Amino acid sequence: MTFKVRTSVLDNSDGSAELTTSDVKLIVSITGPIEPKPRQELPNVASLEIVVRPAVGLSTTREKVLEDKLRGMLQAVIVRHLYPRQLIQIIVQIQATPLSKHQGGAYSNHRDEVEYSNVELNAAINGCYFALVDAGIALYSSFASTCISITKPHEINDNQEYIIQPTLDQLNNSSSHHIICFSIEDKKATKLLLIDSLGEFTEEELFTVISKGVEQTELLHENYQRKYISDKIHNDYIWKS
Amino acid sequence: MDRRRLLGPLNTVIPNIGISSEINGSKSTPQTGISSSSSSNKNDIENFFLKTGIIENANGSAYLEVGNNVIEVSVFGPRPIRGSFIDRASFSVECKFLPYISQPGDELFNTNNQFNNSNSNTNANGRTGLTTIEHKISSYVETALLPSIILEKYPKSTFDVFVTIVATETPTYNSNEKLMRLTNWIVNCASVALVDANVEVKDIVTSGIVKSNKSGDIIIDPRGQIEDEQNEQDEQDDQNEENVLGVASFMNLNNDQLVGIWVEGGDIDQDLVTKVINGCNDMSKKIRANINSFLIDSLQ
Amino acid sequence: MTTELKQVSFPPEVLARIVPEVSLQRHLSIGLRPNLRNFLEFKPIEIASHANNITTTNDNVFGSSIVKSGNSTIVTTVTLGVVENTNSSTSTFNNNNNNNNNNNNNLTNDQFTSIYPVIDIQRGRSGAPSDEEMILSQNLYETILHSRLISKAALKINHCGLAIKETDINSDKDNIQIFYPDIHPQVFVNLPSSSSTLKKSYSFVIFCHVKVFSKISTIFDLCYSSIIDALHDLKLPRVYITDFSSTKISVKSRNSNTRGLVGVSKSSLNIDLNNELYYPLELSSEGGISCNFGAIKTVKNKQEDEDITMENEEVVELLADLEGEAEESTILSRISIIVDGNEKIKRLSLINGDINSEISLDILQRAIDVAKLRSRND
């Protein structure tokens, strides 16, 4: 599994992160807290402006849905009452998706290929975490997200397979795929923030996926997020020693 | 490419609605409206079904069924305007057909509709803006209703009337007649919707439709084929072109004040126009009586 | 001197407008919701697919459905488009031919397709679709795509007909006859020239128009039911190709009585209106029922007990089928679930937008149970 993060990649924004996973590459930029337009202003909390830009072409209904899900999730983790009448702008620029990689960069308008926009959602959530930390926006807790697909057995004797971070081919052969996002406190996944499951699955499968999600998000936190934060603090306070 | 709607793959074509391959070869004509066959007396007005207040998120609404026409009108207002001060309310009417309905007379106006646009490879669901026919109906309804509303009572406000045509008469109807009949009933329905929205009006606008044939007889509330049966011999000649069709709308106040008139057809002279107006007025009065008793009933 | 500030009290409906969260909490504390339903009670819906005549009166509509819930009315109509199959997609069909449709497990997701919905909510504004309409359309598209409801094979046009025009010299009238390779095989034996035109393979594309009247709550569930119902109602027609490229349409000039002929060259694909040849769309799986829930933290007062301690217990309550301003604006933790009659879940979307009213695994479990019960009952 590839999971590469670079932060502060953009000079003119308050925080940014570039996330590269095996399928998806994206940059998240955070600007804020800044002065909002009058119509965006909320009297007691910060308003969020979330923009998702696709890898190729202009944004469509697909990006609107990603923005909507991202907003629902982020408004629960950002301590919004710390920034009343302010705006936090979050821009996610997707650079590569499983589909665009699959087709050698050529984007097809034919919609012949089945799209898995949730894979991008998964990466966007993880990217937002690093960018928000980089921008110094107050969060209630850490959060991490993972994508798991279930492949149905072809033979009766086979077990069904749970695949973490599935590739496009694996998704294509899967019977369902799930995005699980947990909040993380004291290295432990505590609260469910978001589940987005599509396909066909049973309740039992769902709860297996959730428990695998706990493992995966904790791993992600342990291996990448913690390390990144301690490095960041070390670098930020380098003058102190 | 529309980025806000899902209109299918770019290379999709919309097939023509062709003919039927049934063994007898005749085109499967949808059954004609019950209305046209059941009308016994020529000068009777067709029964209509009216209901108000069905749209919860509008200030007022009315729903009307007559023949095969189904019309829904929602009134939004008074709503605050944006921008600079105005001392009286502004008023607008937008009339839209649901996208799958073939609009009356669209073969003439060559609307954006999928069947008639010469490069017809567009999904009707993606239509933006109004077609010529929708504009025509909207502007007539707007003109007819405008005089009745006491706009001075609502400074800095706007009233927006949205008309949705859910169903129309079958294609066997003469298109002009279909269009004008529809317009006539939209006016009646919209007047009731305005009352339902508690908008202050001077009077209720009602309207009527008449047809006059070659011999100058006036038929009140024409319903499609009645006339055609008599003139079957010159079917090819399309006798409807000779007929004069008229819709006129009135407020009873001020001596039956005429608030809108639309006449289509062959040779029109002053006499005929007077006859048409009188015929429409008769019909509008009957409808008005109906609407009045409906409104009184709904108060109780 | 101090001015005394009088206590202001508001009637319930005013309170509901200014502080919806307070109004909601007060309702919940007495065990009722603002819409007077029980916590897990759904709003009844009526589905009238066969009671409407949209399909019979409009030649271009092949399936329709009307769904009502309270005053909200959803009118769904299905129209069709045709797309030429590319080589890559035809190979998908070939793999597929041996498979029984009931055995979906061996198929990959790219052998399924979806519908193209356009949601139009009557809201007193004209212009481009709102964010809500766009999100709804896209969610419906993705849900149907991934639930493996419509296989590409089911939409393939298998026997494309051919129309042949014969001009009768005596009456000068064109006589058009349509032949299909499966119904009139003898005709196609003698028609070698047509083979090139008929080699192309086509598939249907399903367009859905969903008109929403009187929207007062979230309508994903209603739109989904309506679309599934319209798909059950959908009958696909036969398609034929005309050999003659241009058609002439007679048009009356507006100012004179003479008739003009306007040549229009359209796509040569035509829909056969012979409804005896219509066939129902084969759906690969069940649609299921969509339900939505919200979770909200309530404080249960225990002071009624005779004891001295005023103990406040915080409970997160699960509410089914959110409706009304107070619930929509206050409840941010939501679940949307689609379950079919075999207890298979087709879609689950959970967002804990309010971290204090968290949907825990227990609550999720309860919501799934209720959704299952509902799909079984319907």
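Labels for the chains are A, B and C, by order of writing; each one numbers its residues from 1.
Operating definition for what follows: a residue touches a chain if its C-beta (ideal position, glycine included) is under 8 Å from a C-beta of that chain, and two chains touch if they have at least 3 such contacts.
Quantities reported herein were computed from a predicted structural model and do not represent experimental measurements.
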Centre of all protein Cα atoms: which chain's centre is nearest to it? C
Which pairing of chains gives the most C-beta pairs in contact? B-C
Farthest-lying chain, centroid of Cα atoms versus that of chain B: A
Would you mind pulling out the distance in Å between where the CA atoms of chain A average out and where those of chain B do? 51
So, what's the distance in Å between the C-alpha centres of chain C and chain A? 28
Residues of chain C touching 2+ other chains? 134, 137-138, 141
For chain A, give me the residues that contact two or more of the other chains. 61, 110, 112
At which residue positions does chain B touch at least two other chains? 4-6, 9, 11
Hey, which residues of chain A end up touching chain C in the complex? 61-62, 64-65, 68-69, 72-73, 75-77, 110, 112-115, 117, 140, 152-154, 171-177, 183, 191-203, 206-207, 210
Interfacial residue positions of chain C with respect to chain A in the complex: 86, 88-89, 105-106, 108-110, 112, 131, 134-135, 137-139, 141-143, 145-148, 285, 332, 334, 343-355, 358-361, 364-365, 368, 372
Residues of chain B defined as touching chain A within the complex: 1, 3-6, 9-11
Touching residues of chain A toward chain B in the complex: what are they? 58-61, 109-112
Residues of chain B that touch chain C when the two form their complex: 4-9, 11-22, 27-28, 30, 54-58, 68, 72, 74, 76, 79, 94, 98-102, 107-108, 114-115, 118, 120-121, 123-126, 128, 160, 162, 164, 166-167, 170-171, 238, 241
